[in-house]
Each structure stands twice: as structure tokens, then as C-alpha cells.
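After this come two complexes, each holding subunit A, first together with subunit B and then together with subunit C.
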Partner chain A sequence: MGKVLNYFPSPAKILIVDSNSSERCLLKRFFLEHSYIVVDAASGRDALTSFKKHRPDIVLLDLLMSDISGFDVAVRIKALAGDDFIPIVFLTSLQDERSLVRCVEVGDDFLAKPYSQIVLQAKINSLINMRNMQLTLINQRDEITNYNHDLLQQQDVAKRVFDRIAHAGVLGADNIKYHLSPLSIFNGDVMLAGVSPTGNLVVFLGDFTGHGLHAAIGSMPLAQTFYTMLKKGFSLREIVREINITLCEILPVDLFCCAFIAEINFNNCHLRVWNAGLPDCVIYRSSTREVVKLASNHIPMGINETLNFDATVRVYEIEPGDRLYVWSDGIHEAQNSRGDMFGEDRLMDVFACNSRVENLFEEINTAVDHFIGDSAAEDDVSLLEITMIKADLFKLDKRAALNSDGLGLKDWRMRLELRPETLKSFDPLPLLLHILMNVPHLQPYGGQVYTVISELYSNSLEHGVLGLDSAVKLSSVGFTEYYQHREASLAKLSKGYVIIDLDYSGNEEGGDLKIIIEDSGVGFDYQQMLCEDAFKNQFSGRGIHLIRSLSQSLHYAGSGNKAYATFVWSD
Partner chain B sequence: MIDPVHLDLEILSELKEVMGEEFTFLIEVFKTDSIVRISAIKEALASKDPDAVRRAAHSFKGSASNMGAIRLTNLCRKLEEIGGSGNINEAEVIAEEIVDAYSHVEKALG
Partner chain C sequence: MAITSTFSADSGDLVIAISGRFDFSSHQEFRGVYENVDVKSGAYVIDLANSSYLDSSALGMLLMLRDYAGGDEANVSIINCNNDVKKILNVSNFEQLFTIK
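Moving on to the complex of A and B:
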């Protein structure tokens, strides 16, 4: 890029080249009179030297000189000037048209001798104006180039900062496929995936209004809230609520975020979804080829901060092999060269035409690419596919899991006694889970540990302290009745306790967690557990079968009011 | 009284206006330059180089025209054309006329 030039260099510098000294003298006088800075040269060679030294704004050039012809000097000056427009005016008393045409071809204009003052002044002024215009253009071009360069650099920095905060999470898991533009953050799209302490996969796709840096503003606090809340074991509802509050606080009024969030529990085959303003997403049932649409039924995030913000999630039963498809409107709005949009119908056609479900993700991408053809100005498609698999197949790269630095609670014991006022209103499980998640290397087993503790705790609370009969739960009517009963009993609880005693010792190869849960209830006839048939019939409500399958050992003591479970993990 | 064929007074007064105090200096420069131009023409003729004749005459024509020396300008143009044609047989006569015309201009400029 050339040197930075003033838009309107004032006064202009003029180089007068004429072998005739009286001519030079006359022109020099004339331009000095009109406030120009004048330099002069008597030969072609002097002219080039002087040009390099003084870098004039305009050159008056005698056509016939003894050393180098005026035309040749002009060609060399033009080469030296480069991008810079420096007008060259030939001084000539030649009159043949061919020479005059050549003057305008090689240079920019000519002045015929004898000079007319008026013509001289008019021509030079107009050429200086042209040069100033050219300078302005070059300056603006350079400014735009520099600005664009700065912008790209800023975007790069922003993207690197963003990538650190909103790391890909567990998007690399075997059962996840996704497509995301490398600059998606500047399209306003955010894709996050993490695993809760209970072992559930939680995915988030957000689409901020607008494009560019301002659309990316909300992504960082969003990602930070998402990962922090997820790591601490908060429920989907609480995560949704917290992200909404964060976005309401930071986003300007005209900026909001359409979002889809889903939590997949591979253990009990439940999918919990919350869609706020994204297009209908889809569960594709592999056995029946049924397409279940997950329509938006909430207002986007970052608009409503009030308590009536609806974070209610919908729950779907899923089977291994089913697939969840999540997309932002980029896929619907992908345009071909005629300006038609890809749209919902074409997208659904891809599902209808699919024969092998494992190809579906690629088929969607191919269909969109094929549709937009060469008109693809910018890749703006965000697409996510999650395959439901059996719980034991959902394994994660340990490095992708959070909190794997080997520091934390390695050898410890705690005892937590919960009395009526606490039992009434507080769920101790997230708190316990949070503590357990600070145990190095235990996180991948979070789901199993959570299940064991949560089953034991609810047994103690519901059957022990509250004295509820698990048999009531067996019918679906009973199930509702059971929970109504549970609420009523809790509300009037005035005595009783649950003691949770956790004892852990472990290193990076393995560990062992002893869980003792004792309650103030009357206990139960745990001896009958030895008899399998009776066990299945009478105690299924206690989830003992499940606890046994997940823990190393389970036994009861006392009247059955004290349960001992051991959870052992090893690499 | 100056014959306008030798020196156009209108052009000359315009020059006076442009040059101001430096008018006298311009006249001196013109006179010095003219002596150089005339000897260049004579040299070119002596070496029988038509192109040198053309260029010397062309250069003198430029300054003469700006000074308003009409006859001198016309003679220089004629000599330039002769030089350009390559046949400089008649050049000698024109050169003598140029010397004569210049002597009138010189006298008129004072």
C-alpha cells in the first residue's frame, strides 16, 4: 500500500520540464504567481531525477528534448508513480493530430504554444482536481482495506476467546454428528453439549437474532452459564431459567436468542426438550420411521425476565436407535440462485425418502448443498443429530469430561443428618452430587452413583420417614395417588430424620464409595429379599433391583431402616 | 514604432503582466537562449543533420511564439518542416532570415 497522502495537498507541487530556459522561466513565474510550489528541469534525465526527489503533484513536460523524448520520460514517470495518479501535461508546439492524440494517450493532456493564460490555468486546475479525487479514492480504498483487515483480526480473536469458553463440550461423542459453519458464532449460532453429573447428555442449539459481532455477544455468557449450571447438577428447567435471566440482563432489547435444549437420559430412555423459537425439530423413530415434531412452545430467551417465564419441559419416550435432529432456521432459509428457500417441505422429503437411517444426516446435508448449488455465498447451516444408544454404550473421552484434573476429594467421610424442616422443602441430591463431582475421576460414573443415592434416599424418606406403601405405586392411578399422599405427608411432617453417611477413598485407578442411609422409620423385612419372587412382587417400588445392578453390594441392618451400599469403580 | 510582424505588443503586455518585476529577467533569459538556439541551428546546418535542424528550429519556435515574435516563429516553423523533410538545401536561406528576424526582435525588446 502506498504512503498515506493528504486528501487535498495544498499548495500543489508542479514539475516543469523544458529544455528552453525562457519557456521554463515563463511557466515558473506563472505558477509561482498562482501559489504553486515549482521545481524545474531542463532535460529528460534531470526530469526523472527531480521527479524522484520532489514527488510533484503534476508534471509539465516538453515533448522535444535532446536526451530522452518527452513520451519516454512520461512512460517512466507513470511507472514511478504507480498507483498514484500524477497528471502529465505535454508542452508542445506540434500541431499534427497524431502527435496530439499520442500526448493524451501517453500523458493526460497537452498545452499548445503559445500559451493562453486562461487555458493554462483551467487545464492545470482541472487536472489537480482529478488528482485530488484520485487521492481521496485511494485513501478510502486503503481505509476500507485496513478496516476489513482489522475486522477479520478482531473476529479471529473473538472466535479464539469464544472457543475457549464455549468449547465443543462433548460434541465429539460417537453418537453425535453435527454440522456448523466455522464462523457460526458470527451467524449468531451456538451449539453446546455437555454431560450432567447424573450422566445425562444435554445439548443446546441457540440462534441469536442478527449477524456479525453483535450476534455473538450473548454466546459467551450463555455458554458459561450452560456449562457451569450443568456441571453443578442443576435441572434442565433451572439451566433454561438461568440462561434466560443472564441473556435478559446483558442483551439489548432488539437482540434475543431462539433456543432448543434437550436432555437425554440413556438409563431410563427419556428425552426432555424445551424449544423456544427454533423451527420444529424432530425425533426420527428408527423402528416405525415416524417423524415426531418438537415444535416451539416458548418465547425465545432474553426477552422475558419475569417469574412467569415458562421453563416447562416436555418428556418423550425414546428407544435405542431413535435419532434426534436439531437445526436452526439457516437450513430452511438456505437459498438457491433463483432466491427460492430450501424450506420445511424439502427437509421433510429427505426424511420420507430415507432408506438407511445411518445415512440420514449426510442426506440432509447433501440435499441442502445440492439445492443451493453454486449460489452458496456463506455457509449458514447448523445441524445436529444425536443417536439414542444404550446407557452403557454412552462413553465419553475422559478429557472431554469436566473436572478431570485429578485434584479434589480423594479420601474423606461426611455425615449429613436431615431433620423435618429440611426434609420438607430441600432436595439434598444436587448438593451431594456436587460434592461427589469434586471427587477426581468419579464423574463418568456420576449417573450410576446418583441413581443409587437417589433411590436409597427416596426409600428412606418415603417408606421410612413418611411410612408410604410402595405397593400403591403399581397402577397408574395409584402412582398419582401416591404422590398426592407424599406431598400431604411431607407438608405436615414434624418428626423423623434421614442420615446420609458417605465414605470415600480412591486414587486415579479406582475408588470405593460406601453409602449408608439411615432413617427414623420402622424398617422392612429385608430378609425376604433373599426370596427372589417375593422380592420382585413386594419391593419393586423400592428400586432395590436397580440399586443392586449398579452397586457392588447392598445390605440392610437393624429393622431394615439402615441401608449399606458400596459403589466401586476401577479403570 | 515596432512592426507587429516582428513583435506582437498585445502578447508582450500580457507577459509583462504575468512576469511583473521579473519581466526584464525573462527578456534577458530569452535573449541568452536565442543566441544558444541560433548557434544550434548553425551547427546543425554545418554538420548537415536534418533532424538536428528540425529540433533546433522547433525549440526556438516555442520560445519565439510565447514571446509574440510572429515572423521569427513562422520562419522557425518553416525550417522545422524543412528539417523534417530530410532535404535541407533551402535551409541556409531560411536560417539567414531567422538571424535577421531575431535582430529585429532583439532591437524591439530593447
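Moving on to the complex of A and C:
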């Protein structure tokens, strides 16, 4: 606010108190001539009554009055005025210094009788100016107080909406522990956790430049993109790409988001991680106590629309009991009273000193709290711990069926043939999931059906059409290589196809979905599946074990390039 | 925190030297030294020899300069970084956006 507002109501109202009626009349006429609003009183008691009634801007006060002394009247008027600065000028014929000093102590100024009208007017004008300034100040103070009150109230409402969006999802799952400490009401960090239709847990930690509202604003579209795309079955790559594009579009140049995203597949015990600008995060191996660092190898999100996701995503094998630790730089940069930072070495010391892994999360928090002591945390301290568990322990809440009125796709068949230009750039799984979600009564099983179809589809695409060898995936280094290889082969693809054939019929008692997926590849020796050991060792990469556990039947035909799976459900 | 700028005598590059903590408090000042300055060589050099620390808003300011200097075509180098500063730039993989010496 650049302009100083004049809160003073003009013209000024003056209260003239004098027991001498001729003096009072003289003063009254003088001020009326100078456009003041004038009220007058002849005694101390009258003065107080008139003050309460008229609330003047300034008071001229006779010092010697018969009922109450001028000093006492002044003290009472000041008390009545409270915070409001209402100047009091004494009119006095007293000459002794003590009385005059008292006039300035109790009131604001004095004028010795007989007084000059010019001096009187100058004094009154100067005091009125002071009152104007003081009024302006008080009004501005009140305005700021009100403004701040409104702001806090608005922030509080916004924060509740924000929390529902930005810190929602499945952060409350049993195998997740998290800590978020807001520096201001809003936090520059965003923490998301959701479950894909295939049952994978996907977690996201983002750290926007700066703090507070401007940092929080970017997390709203981010969170919505994340949850919406995850629910619809989009791949990690597509989700990251979309979030990045959104942030590039909406954020100013100097605002960006350091991000870490991880997808945990509890079925095949794989962890895919992507770190774009956050400090090294960690996998803590429970059996060997090894600390595996997950370093950033990508520029943060919201800077460049082109992403290099496939070359920078990393895949790790994990075992139940292993833990993933994700943090923003708030922990590293937490300062103690001497200005030292907590730093990575102290953080690694906490890991080295840990004896019971289930206490590690609390130990990290305690170490940071202990280190910073009384000094308030400078950044947003965010910490996330995910414990790897067996797939069957990671349960999803069964959402109420979206389409429970029984309307929709009840009896149907579809055939989708995907040719090279589509295979190169389009993931058909979200589209298929969308269709399956419109099949009444099948929604509760949507995730399982989706898993079967997505496993079969990736087998057909990767091993059939692209001819990739799943044996490469046996080591974690190989896994990363495998996906880079997959990307390179896809980019060059010029022939081949995948046909997805779905045939469904069902009613409220039960139904079945026949899934046939055929590809242009040379197939594989599916006869060996009959031998349990061989199937375990050699075909683990094809996810056949998983498909079998979820569907009622799985068999292959032709050279192994055509898979038949049946999903049957009944109530 | 102080920001000074000079033109390099031989190359004509604008050299911006930052001392102390490079953080949000220098936002206006930092913009002030390169905006409305005609840099004939089109090249900008950020000298962090006396800069002990930079935060994410400083990274944001560097991105603003990069954008001002032509985005992907910009010629912005960051020189004389100490190890802490270098680490912060590395974590964000800023070597893909700036020449870091």
C-alpha cells in the first residue's frame, strides 16, 4: 500500500472548556471563523459529559475551574480516549514552571494567558496534524491485523483442501511411515502414494523451490495428475512425463520441482526408482545392512519439457524386509544454532549405528530433532519409509463398485490389433482398463484382470514382437539395460503386431472373461511349462506364475505366440 | 551477500560475482545486474568463488538468467564453485543446462 490514507474526518471538532464565559465566547467565535466544529463547556463536569457526547478531535482546557481541576479533567479525558490520540491544550494564567511542566505531562501542550491567536492556531494545527498521523497509523495497524487474520483464515481453509489433495492416497498403509514438517502453514514438499491397478505401490516425493503458498501451488495439479493417471493404469513413464509437462506449462521459470518417484512391484520384488534432483535416497537391505544409494541423475521436473526417463530410471531387486528411505534436502540442510548443517554424513551415521531396523525411522527423526535443538527447522523436513512386504500382505481397499446399477458391457467381444506405429508410442493398457471398468460386476476384480492382461501384453510386445531375452533381467544392472534395450528396439520397430481378443459374458452371479493375446513373434517352448522346475527357472521372466495364480487357466498355442487365459468369477 | 558485475576485458562476457549466501534475498539484486545490460558477446559468467552456499531459489534464479539469455541457446557458465556448491549443482544435474567449470 503506497498511499497514506487520511483517516481524519474534516473539519475538526474542538471542545472548548473555560469557566469564564467571555473568554469561552471569544475562542468559540475564533474557531467557528476558521471552520471548526465547536462544542463548549463551562465546568469540569460539563467538559466530561460533553466529551463523551461529542467525541471531539482536540480539547482546549482551562486549568483553573471550580468543580474539578483541569489536570483531573485531562487525566479522565485521556482515559476515556484510550488508544485514540486526542490532544489536550491547557489554557492557563499560571506562570510557575512546575505547573507548566505538569501541563505537558498530563496534556499535550499549554498556552499562557493572555494568548496570541496566531500562536494558538499554529499549535492547534500542529496537534491536529499529529492526531491525523496517529489516526492513520492506528487504522493501518487495524487493517494489517484484519488482513493478517483473513489471510490466516484463508490459508487454513486452503491448507485443508491442499492436504486432502497433496498428502492423500495410501500414505496410511501399514508398511509406510512418513513425516512432514511444515515450515509455514504450507509445505514446499509434496508426498504422494497410490496403488496402480496391477497392485504396484507408487510413491512420489517432490520438493518445490521455496516455501509456503507459492511452493504449494504447483503440488495441486501435480497430485491430481499423479492420482488420476495412476488409477487409470498409465505407466510410470507416462505419469512422470505428464507431470513434467504440466509443471513446465504452469510454473514460472525460476520455480521447479525436485522429485523422487518409486514403483514397488510386490509380486516380482522389483523396485523402479527415478531421482530428479533430490539428495541420494536409500534402500536399506535388512539381511546385509547394506545401504544402497539412489542418486539423482536427472534435472528436476518443470524445467525442460523433454525428459530422459528411460535412460535414467533404475531397477532394483528387493526382498521382504528391505526398506526404502526417501527424503528432501530439508534433513541434510537442517541447521543447529551455530549454523552447521545436519548433512549426509550424520544421516549415514544413523544407519551405521542402527541395531533394530524397525526403529530406524524414529532414530532418523530423533537425530535431526536433537541436532537442530531449539533453532527452528529452516527447510521443510520430509521423510518417507516404505517397508517391502510379501505381495499377499499388501492389501488394497476394495473400493465400492463404481457402476453398481448393473448397466454397462454385459455380453461382448472385442478384438484390438496393434500395429508398429501404435506399439511404438501408445500404451493400450489404460484404454483396456477403462473398458473393463465399465463391465458391471467385474470392477472388484479389475486389478487382477488388468494384471493378467498387462503381463500377457508385455510378454507379447517384449519377447514376441521385440524379441528381447528375459534372461537379461536376472540382475539388477541387467534390468536397467533391459529397459534401455526395450526403448531402443521400440523406436526402430517397423513390423510386427499384437492382437488382444477379449470375450466376456456374465451376470450378477458370475461370469467369465476369455483373454487371447497373440503376437507376431517366434513364440517359445511352452511345452516346458509342464515341467515345474523348468518353468520356475526359465520362464520366471514371463510372469507366468503370477498369471496362473490370478486366472483360472493359462495355456499357449501355435509356436507359443498365442496365449489363452480365462478369468472366471462367481459370487 | 553482495553481487557485482563487470565486463571481461578480453571476451566482453558479463561476469557476475556473488559472495556469501546465494539465496532468495538476492532475487531483485541478481536480476538487476543482467536485465537491461547489453552483453555483446551474449555470454554470461557466474563467479561463485566467494559464495559459500546456494539454495533452491538460487538455482531458480540461475534458470531465470538462462531463460533471459536465450533458454536452450543460452551461454551461461558457472565458475569457481566450491565442493558444497558443486554438489548442489550436481544433485540437480545442472551441468546439463549450464557449463560448470
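Here, the second predicted complex is superposed on the first by the 357 of 571 C-alpha atoms of A that agree within 3 Å, B and C clash if a C-alpha of one lies under 4 Å from a C-alpha of the other, contacts with A are read in each partner's own complex, and residues count from 1 in each chain.
Methods note: a contact is a pair of C-beta atoms (placed from the backbone, for glycine too) under 8 Å apart; a residue touches a chain by one contact, two chains touch by 3 or more.
Here the structure is a predicted model, which is why all the values come from computation and not from measurement.
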Subunit B versus subunit C as contact partner of A:Asn297, first or second or both or neither: second
Subunit B versus subunit C as contact partner of A:Thr209, first or second or both or neither: second
Contacts of A:Leu384 with subunit B and subunit C, given as first, second, both or neither: neither
Which superposed partner A:Val253 touches (first subunit B, second subunit C, both, neither): second
First (subunit B), second (subunit C), both or neither touched by A:Glu33: first
Which superposed partner A:Leu111 touches (first subunit B, second subunit C, both, neither): neither
Where subunit A meets both subunit C and subunit B, residue numbers: none
Residue numbers on subunit A that touch subunit C, as the complex places them: 207, 209-210, 253-256, 258, 276-279, 295-300, 303-304, 329, 333
Parts of subunit A lying in touch with subunit B, wherever the complex brings them together: 18-23, 25-26, 29-30, 33, 62, 64, 66, 91, 93-94, 113-115, 117
Subunit A-facing residues of subunit B, complex: 11, 14-15, 18-20, 22, 25-26, 29-30, 32-34, 37, 55, 58-59, 61-63, 65-68
Touch list for subunit C against partner subunit A, complex: 24, 55-57, 59-61, 63-64, 67, 90-94, 96-97
